[in-house]
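Shared between the two complexes below is chain A, which pairs with chain B and chain C, respectively.
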Partner chain A sequence: MASLKRSILLLILCGYTAFAAGPFVWAAMLSLRTTTEIHLDHFALPDPIHWEKFPDAWFNSNYATYFLNSVQVVVAAVLIVTIVGAMAAHCLARYRFRFNRLIYFVLFSTIIFPPQITIISLFQVLVNYGLYNSKLGLTLVYVAIQLPLTVYILESFFARIPADLFDAARMDGYSDWEIFWRVALPVALPAVATTVILNFILLWNEFLFAVVLITEEANRTLPLGIQRFIGDTQEDIGMIATGLMIAIIPVVVIYAFFSEKLIQGMTAGAVK
Partner chain B sequence: MAEGAETRVADDGLRRPWGTILAFLLPALTLYVALTAYPAVRTFWNSFHIVLPRREEFVGLANYVELAGDDIFWRAVSNTLVWACASPVIEVSIALLLALALYAKVPGARFFRVAWFTPVLMSYIVVGILWLWIYNYDWGPINVALRALGLDHLARPWLGDPDTALPALIFVASWMWVGFNMVVLLAALHSLPREVIEAAELDNCGWGGKLIFVILPLVSATLLNLVVLSFIGKMKIFDLVWITTKGNPLWSTETVSTYVYKRAFEWTTFDLGYPSTIAAVWFVIVLAAVLGLTRLFKLREKLEY
Partner chain C sequence: MAIVKLDNLTKVYDRSHGAAADSVSLEIGHGEFMVLLGPSGCGKTTTLRMIAGLESITDGTLSIDGKVVNKVPAKDRDIAMVFQSYALYPHMTVKNNLAFGLRRRSVPRAEIEEKVQRVAATLELDSLLGRRPHALSGGQRQRVALGRAIVRDPKVFLFDEPLSNLDAALRVSTRVEIAALHRRLGATMIYVTHDQIEAMTMGTRICIMNGGRVMQVGKPLHVYRRPVNTFVAGFLGNPPMNLIPATVTDRDGGRSVRVGEAVLRVPEKRAPASMPGSPVTFGIRAEHVALTAQTGEDTAEIAGEVVQVESLGAETIVMTRLAGVENNFVARVAGDADVTVGERCRLFLDLSETHLFDAQGQSMSTEPNERTA
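Right, the complex of A and B next:
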């Protein structure tokens, strides 16, 4: 009886897994088939497997440009937001001063802002400074939108580092900067890694700010490239699927290596 | 200088090193002021003006008056609110069931947990395109399955029908986020004190009783956090709608975010003032709703204990 119950439960769980993962398996199959084959049967297995569609999308449909733009913008933004955010978080966690909690609260509450409140004026600001339609402009905006979350996650981690550690470092003659760079940051490495991975995925998938701030083909990031591509070739399902897989693969690779870290990052703050 | 300093022994025996503090905070504050605070204030300023590429004109409350009578805006508000209220309920309740299933020590729990989390890692763009295909009228798996079951009359263009488009999109968003909620709940369940649950077992508490009287009250804080989180996310929703329906058909999937975008960057009015007004009003509504929700939950917690 108990084992029957157990197998029914397991069956339901497997069913849900198929529901959650099915669409990606289907997309992966479509990405390896030509559109002509797909139109004959939408659910057949790839046979023969058309690996050549990937280089085709990469070289002939501009995916190389989109991909490299995404890498440039996202890597630069993650790097800057990690350092700038860690400095601020360290400062807020370690030094007592007037306005400390106020600054923390203001930064933190930005997390719930709807993006519309800044996006129109950001467009104006970037146009004014000649940063509209540039990767540098988008990078800076990405740093700004991920800053509150980064400070929030890191501050709570820095705050748990025992003060004795800093006192000892000061005795050893470390300067304030060295204490941050050579003591706090290495100790907080697990939390830093979490924010790096989390920020990377969130920015890799970012669409709204990119669609407003970038219009030029040469500067498009992957989500924009995909959007343009489906606009141009509604019917070419096979090629669109290949493009989707190119966008997904980096995320899947990161997830394969760091799934626990990533889950921690995304759930940080949700559990109290 | 600073209050609270007297009550706390300074870490290092030095006075507050303002120079150091400023050096650590300055980069973050500069970025925050330039690219978040200033734009937000400017949006409010815009909302009292007509903002054309080469000309700005003060119009007082005219934009707000126009907004009050803008049927599309109110349609977008109602769609977004429906979404923001439906999604948390669907997501959190399904997630709770799945989390409980995994909590009951099913073989392969680790695998399930990692697999279910996957959809949330994909962008709304990727997910949107996938579901455009899944909902396709001619060959989408849903309609194919319905026809195979002889339910041809139920097959429809799910995203093209004003009656089903919004529920269909809400379904997609829930599909995406259930796994995330499940993982958070599972973590909360695992952190429950074992003794409490064992005590309930000793008292001959059945599964249902254990769930309602022991487990749910203990994870209620997490549940409420998830509800608020999901609510905030759906109040902002843009990408999924933009890639699938762009608010069509007949404004049935228009959200506030897509409407702001359209008025600012798609309509040929070129005026940034009016969309700023929408953004400003929406900002206040979202803030009020989130504060209201947290206040409500806090109150309930107090009543319970």
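Right, the complex of A and C next:
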């Protein structure tokens, strides 16, 4: 009976895994085949395996530049969002001051606006400040769009850290600034890891703002680079797949690294 | 060691709610173990946090060793505090929890190591130094919290109900441990609790608080024997003191009171003569009420009816009803006393141990040094 239940569960899990991982495996296979091969048979195994497509994309299709741009913009944005967001969340959760809840509400309520509403005015703002078509401009926009959700997630976590912990650190001689770095942030690490993963994946794949705010080849990010293989009349499916695979690697790395921390923090019962 | 002096210390959190601590005046001497005792919400924690520097002081002055420290930040007061929740840093090992405060004070590395080892040894934490708080039992966490205070060797120790999260057996042993710690370190300690057994057994002196105000300060036994008002009388002691509404009669020059249907003559030192007819509260502790005949010139006998018997082994708590009195009247007698519910009984009161409180609830005793001794 128990083994039957187990088998059914296993079957369901297998089905789900195939459903979730199937397209990924397919794209991985496409990335190792040429577009001509793909047109002959969409689902054939790579034979021969065209490893050379990866260096080809990297060196000849400007992927090195796109990748580096994406790393610069996304890492900077995630770093700023995480630090500023954590500080804001700590402050809103910990300190009593006038308009605390009002600030929190105004910040959070911006989540309801779809990006299409703000993008035209943002475009104008960036042009006015000379930040249009620059990595700095895109970074700042990324910070702005991800900050509310980050603050929201972190605030609720910081608020659950017992106040005694901060009082104990004050008695131990630490200033508010030191307490944030040495007590609040480490204790909130599971939540911080969550927002890092979330923000990283979202921004790494971000297309809408990038396509509107960046037109110069030298400043393009990866999602824009992949789009370049889609021409007016034909698409280079093989190279798109190769580009996708290159783009996915950092996401997998980040996820593997931080989800470890995430699970560690949760099973350790961080707040106790 | 230090002298901590509170002079009319007041804390108002919220104007509409009145003061959480209201003109608290108290002087805690070198090496004294002062216990702040009172019911939940009476302002004990608030007072302690003002001393710690965790809460701003609305009014009054706080001084340590003669220096006013109202505006001195917590970190510069050289005070350590043990929290009710222990407040151990969850992301640090026991060792780092102990060393955290020393690191900030830029104590040399080797010295930190040595101090941590020594404190860990005295608290039997040696084998736990590498663990994180979540892997410790309640008692162990409690000891780490104690250790974190001890290792800093502060001028003043503050404790906020440190035993309330422990089970009964551990509470007793830790109580003994903290008392021993105080004897060994000889440091000034201020200890907040709502548990009167802790207060009675640990305190050099106790300070009873109610509604943000200090009711009485004194040695535990003194406060027990000479409560200044009905609150203290009813709060300290288990079972609580019998407090019965009474009226002064015109007999014995205004020194006899009518309790229910009985008239009792209160010894002179326990109350001055007062106006016949004025309302008072008559108080006597359960241990000064006997069920067997007593001799002695201050013994009075009244009749009652047993309504409940609680046999605790070593002693028996007998609740009785007196004619014309609403409240129960409690006697504490020997464990082998033979009483049954419903029977009529004779109660023998040791009137030399009675307390009279005026209409405002203040003690009418004329003995000196009531409030502070």
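Here, the second predicted complex is superposed on the first by the 228 of 272 C-alpha atoms of A that agree within 3 Å, B and C clash if a C-alpha of one lies under 4 Å from a C-alpha of the other, contacts with A are read in each partner's own complex, and residues count from 1 in each chain.
Quick note on the criterion: contacts are C-beta pairs under 8 Å (C-beta built on N, C-alpha and C of every residue); 3 or more make two chains touch, one makes a residue touch a chain.
These numbers come from a predicted model, not from an experiment.
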A:Pro23 in the overlay: touching chain B, chain C, both, or neither? Say first, second, both or neither. first
Once the structures are superposed on A, label A:Leu68 by its partner contacts, choosing first (chain B), second (chain C), both or neither. neither
Of the partners chain B and chain C, which touch A:Pro162 in the superposed model: first, second, both, neither? second
Touching partner for A:Asp172 - first (chain B), second (chain C), both, neither: second
Chain B versus chain C as contact partner of A:Ala218, first or second or both or neither: neither
In this superposition, the partner of chain A with more touched residues, chain B or chain C, is B
Which partner chains sit in contact with A:Ile249 here, chain B, chain C, both or neither? Use first/second/both/neither. neither
First, second, both or neither for A:Ile230, with chain B first and chain C second: first
What is the contact status of A:Leu13 with respect to chain B (first) and chain C (second): first, second, both, or neither? first
Where chain B and chain C land on the same part of chain A: residues 167, 170, 270-272
Spell out the part of chain A that touches chain C in their complex, as residue ranges. 162, 164-165, 167-175, 178, 183, 186-187, 189, 268-272
Quick check on the complex: what are the chain B residues that touch chain A? 1-5, 8, 10-12, 16-18, 20-21, 24-25, 27-29, 31-32, 34-36, 38-40, 42-43, 46, 51, 98, 101-102, 104, 106-107, 112-127, 129-131, 133-134, 139, 141, 144, 175, 178-180, 183-184, 187-188, 191, 221-222, 225-226, 229, 232, 235-236, 238-239, 242-243, 256-257, 260-261, 264-265, 272, 275-276, 278-280, 282-283, 286-287, 290
For chain A, which residues are in contact with chain B within the complex? 6, 9-10, 12-13, 16-17, 19-21, 23-24, 26-27, 42-43, 84-85, 87-88, 90-92, 94-98, 103, 107, 110, 112-125, 140-141, 143-145, 147, 151, 163, 166-167, 170, 176, 180, 201, 204-208, 211-212, 223, 226-227, 230, 237, 240, 244, 247-248, 251-252, 255, 259, 262-263, 266-267, 270-272
Hey, which residues of chain C end up touching chain A in the complex? 49, 52-54, 74-75, 79-81, 83-91, 100-101, 104-105, 132-134, 148, 152
